[in-house]
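These notes open a run of structures that come right after.
Shared between the two complexes below is chain A, which pairs with chain B and chain C, respectively.
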Partner chain A sequence: MDQLLQHLLNGLLLGSTYSLLGIGLTLVFGLMNVVNFAHGEFYTLGAYAAFAVLVGLSVNFFLALPLAIVVGGLAGAGCEWLLLRPLRGASIDTTMLVMIGLWIALQNGELLAWGGVAKSVPTPFSTTPLVLGPVSVSALRIFVFVTSIVLIVGAHLLLARTRLGRAMRATFQDRETAALMGVSIERIHTVTFALGAGLAAAAGALLGPVFLLYPSMGDLASQKAFSVVILGGLGNFAGAAVGGVLLGVAEELGAGYVSSGYRDAVGFVIIVAMLLVRPSGLFARAERVG
Partner chain B sequence: MRRAAAARGALVLAVAASAPFWVWNPYHLHTLIMAGIFAVLALSLNLLLGYTGQLSLGHAAFFGIGAYASALLTVKLEWSAWIGLLAAVLLPALTGWGIGRLALKLRGAYFVLLTISFAGVVSLVSVNWMDLTNGPLGIPGVPALAVALPGLPELSLRSKPAFFYVVLIAVVVAYVVCRRLIASRSGRALVALRENETLAASVGIDGTHYLVVAAVISAGMAGAAGGLYAHYTRFVSPEVFFFTYTVTMVIMVVAGGKGTLAGPIVGAVIFTVLPETLRALTSWHWQMLLYGVLLIATLFFMPRGIVPTLRDRWRRA
Partner chain C sequence: MRRAATGVGVVILSMVTMPLLGALAPAAWAQETVKVGLIQPLSGSVAASGNYVRMGAEIGRDWINARGGVLGRQVQLLIEDNKSDPKEAATAAEKLIVRDKVPVIVGAWGSSMTLAAMPKLEEYGVPMVVETSSAATVTKRGNPWVFRISPPSEMEAVGLEKYLKDLGIKQADFLAVNTDWGRGSVTAFGDLLKKSGAGVGSVEFMEQAATDMNAQITKVKAGSADTLFLTTSVEQITLVLRQAQEQRLVRKIITTGGSSSPSQLIKQAGEAAEGTLHILFFLPWFPEAMPDGKLAKAFVDEWKKRGHPFEGLTEGFRGHDGVLTAVEAIRIAGKAEPKAVRDAMWQVSVMGVNGPIKFEKDGPAGKESGQSKPSIFIVQIKDGKIALPSFAAKK
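Let's look at the complex of A and B:
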């Protein structure tokens, strides 16, 4: 029973970052109709950006996260401006292939920049776990969880409460009408992609210190993000938030009770099963942004 | 026009078949053999991407299943390498049928994600099922192909020139299979589905049926390439499931010209010879980076690929 509780807690803590990843991907798909296979690369970028400013410039640990988000967001805006804006109106297959090209180019760029040796990020947190009754948890993981929740709520408020968010939701519902009402679709697209990339970078900067940094770490992140998005339904914000936690818990239970070698297969199996049984996601009724 | 095309084909084939006589360097011949194996793979992916419009990012799985099927049958059961090769076609084809039945109800991004996930699971199985696959250590000692005709001494196809002809035959067979399929009723149905599925369905074309046919043939061809690869390198490891194989196939098809028969072959030759030429100058990672950039550049500046673009320019001139 204690073991089950521990797995559930670990799943919840890990799942919060999966939610972060999934929300970024689902926003880009829902708003721009772009299947972003380069999503995991912004995760990698965020992790390495945090590492670079922490170790290279020795800034404060808590300052590295916002810096990583800014770097990820700017890189996302740049990629959108350079690669996706000229292709607006192109078929979804073309943009998907372009994103695959971007994924390969960025990943090998990271490899050239940082080398293949895994790096670990120093943290100010003590490594001795906090014992809370039957379960134990490291302070770092609690920090990761709390920050993820703050960022998810922040993204939700941005969409639900601000003028920009309203323009984004309007674009999602009906692009032409939104444009007629004076919404700059170009700007909304750039902002959306930057937001998605920034959220992925945040997840990378948060999970980097938990695991190790290596240039192909984005592949797993992309895979998790896609699993989350498929669970929640493509374009569904709340679905991605819940889907992330579900995936985290499912992985922990799979690794704990089935086989740790197949931990990463859980996401794949979820994708296959969901696509075959319920391709519109678990929460199909609410398929909208915000 | 038809006669000119046939003459061109015969010329290309003659030049290719004479290659072992003027390519002396074994390393260069090795590059050509790999180009041939990739040409079969690219033709296989093109059947789906080019003619049905569905992108499979799980093709390395069929390649790998073919390689493992042939390697396991010949190493563990000591069956003939030719039966191994046959299994390398049939097992992936059967898998392709199963996946096709399930996946081809889906389209676009959903189909892509399902194929990636399928390949991911297969790859994890190849690493973790130690008893069957020997895990990351792989299976060494896969026998070379050999021809044993009654009354004659056994002829080993271990040498590079001999294997080059095996691969060349495989490319020709793959090309003819694709050509026959495209020219058939099924092929016209596939193109109709790619262009407008709703319209095709309205005239009674059963979309899923034809897409499954394409998936089975495509998977069998990718498996054959895997079997050939296993008997050529004589070693199989989970590396055959690497995503880089799929990426390379996609680039060959898109850059060469999807939806044409010559495009994937041209793409396969260019993208096998080019990296080998660049290898002297740059590292592997620069090459992969260049692949990514080239894929994007092709989609921006030559969205139909090299072969259709050049063909148009040729005709206008």
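Let's look at the complex of A and C:
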């Protein structure tokens, strides 16, 4: 029983980070129809940006997170302006190839800038774990969990409740009509991509201190983000949030009670099963075309 | 008429052979270098180790060149990145052999990477000095182009055998990277424990790039073992130690494979690394304790002089010893030709930073690989410093 509780807690903490990774990706796909293969690289960028300001400029740990989000968002806006704007109206395959190119270029750029040796991010949190009855957890992971939830809810509110969010949804539903209503379409595209990149960077800045920093760290993050998005339904915000937690818990229980050697396989088995039973994901909506 | 024909023949013959002779003249050769290929994981999930080995290999190359090189020529190191990926290791080997025409390779760190590169060695007939890989299969597979200077896990287990009583292991769990190295290590140390009457508890694996090992740790914690054997790269060891601390896992932790870079663990895992034991093949903290204390000390000094991180030394010496072995074989062969270098490997007898390097036959008869018998040590992290465990210091 104690073991199960600890597994569930581990899964929930891990899953919340998967959710955070997934929503940025699903946002860009759902609203822009761009399959962002470089998503993991914005995660890496966020982690290194936080590391740079923490160690290089010795700013406060809690200030490093917003700074990393800004860096990620600006980088995302830059990429959108430079690479995606000229391709407006191009097929989804074309933008996908461009994103793969961006992924490779960014990853090698990180390698050039930081070298291959892993780096560790210092945190102000005590390494002594918090003990809650039969389970224990580090304070840092609680902080990461809470911040992830805040960011997910914040992103949701931004989309659902603000003028900007409404403009975003309108643009991607019908470009021409939105333009006629006075929405600046180009700006909306850039802002959306920047938001997706900023969320990935936030995940990187949050998870960097939990794990280690190295240039290829984004590959695993990307892989998990894509799994979450497929599980939750392409472009589905709530689906990604719930899908992330599901994937985290499933991996954890699979490793705990089936076989740790097949940990990643458990996640993929669930995705395959999902695609067989509900091909458009957990919370598929009729109008989404996957 | 006939004489005239012979005369013409001689002229033609000399016209053909003269440039050839010219090319063979020592003056022309002196411009060229002797190439040695190096394949390491310079990027990807185990990049720290690969970069340290590269730094050590560069020291080896520079020292040899300072002594006048080999065959009167300078040694040139051609470095390829296998990106911590077995597929890339095979590509890197092919590239070095076909494009760069190297007579010998040093590589390729992880067992899975080395095993993936090995068929290329056999296909093209080029020898490789294996500097890190621990899986038994590397030398048991029957590839006569493989010469290993690192100990297979079985040899490590034998090295640990004399301390078993002092360690007081009753039951041990295993957590290993899901590669040829990790799986081989579980078998080797598991056999040792069973032989000595200790029990083997749960055996858990993790993917090489995995970062969250909480599930495995929770499972280990639920068991009743007293010891955890941990086999993976320094990156994952760091994460496992941190996550084990978060979950309050109380175990005697022993890392195997010699790639734990304990000084890096002290820096990156902090308190979580306290008390852990590490099997190593170089003791940069006590160079005088090495078989050739002077060489070991010189290597540590040179490493520091170059500004390389101290924590990389336990890995970096492998690069030095690998290049030293490869070049020694070229010297004995008298020419930088793969087959001759392979044959000369069997006569190599040099003193490396780890100790004496000399190959014995291993693997199926007729197709044996070479296996050296390296020195094996065990250290413990105590009060944030590296110490010899009390039982090892006694002996």
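Note that the second predicted complex is superposed on the first by the 269 of 290 C-alpha atoms of A that agree within 3 Å, B and C clash if a C-alpha of one lies under 4 Å from a C-alpha of the other, contacts with A are read in each partner's own complex, and residues count from 1 in each chain.
FYI, a residue touches a chain if its C-beta (ideal position, glycine included) is under 8 Å from a C-beta of that chain, and two chains touch if they have at least 3 such contacts.
Bear in mind that the values here come from a model prediction, so they are computed numbers and not experimental data.
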Which of chain B and chain C A:Asp264 touches, first, second, both or neither: both
Touching partner for A:Glu252 - first (chain B), second (chain C), both, neither: second
Chain B versus chain C as contact partner of A:Val98, first or second or both or neither: first
Contacts of A:Phe211 with chain B and chain C, given as first, second, both or neither: second
Chain B versus chain C as contact partner of A:Glu41, first or second or both or neither: neither
First, second, both or neither for A:Leu111, with chain B first and chain C second: both
First, second, both or neither for A:Glu80, with chain B first and chain C second: neither
Contact residues of chain A, present in both the chain B and the chain C interface: 111, 219, 259, 261, 264
Of chain A, residues touching chain B in the complex: 29, 35, 83, 86-87, 92-94, 96-98, 100-109, 111-112, 219, 223, 226, 230, 234, 259, 261-262, 264-265, 267-269, 271-272, 275-276, 279
In the complex with chain A, residue positions of chain B that touch it: 53, 55, 57, 102-103, 106, 108-110, 112-114, 116-118, 120-121, 124, 127-128, 243, 247, 250, 254, 283, 285-286, 288-289, 291-296, 299-300, 303
Touch list for chain A against partner chain C, complex: 2-3, 6-7, 10-11, 13-14, 111, 115-118, 120, 127, 129, 131, 136-138, 141, 211-212, 214-217, 219-220, 251-256, 259-261, 263-264
Residue numbers on chain C that touch chain A, as the complex places them: 41-45, 47-48, 50-51, 83-84, 178, 204-207, 209-212, 214-216, 218-219, 221-222, 234-235, 238-239, 242, 245-248, 267-268, 270-272, 309
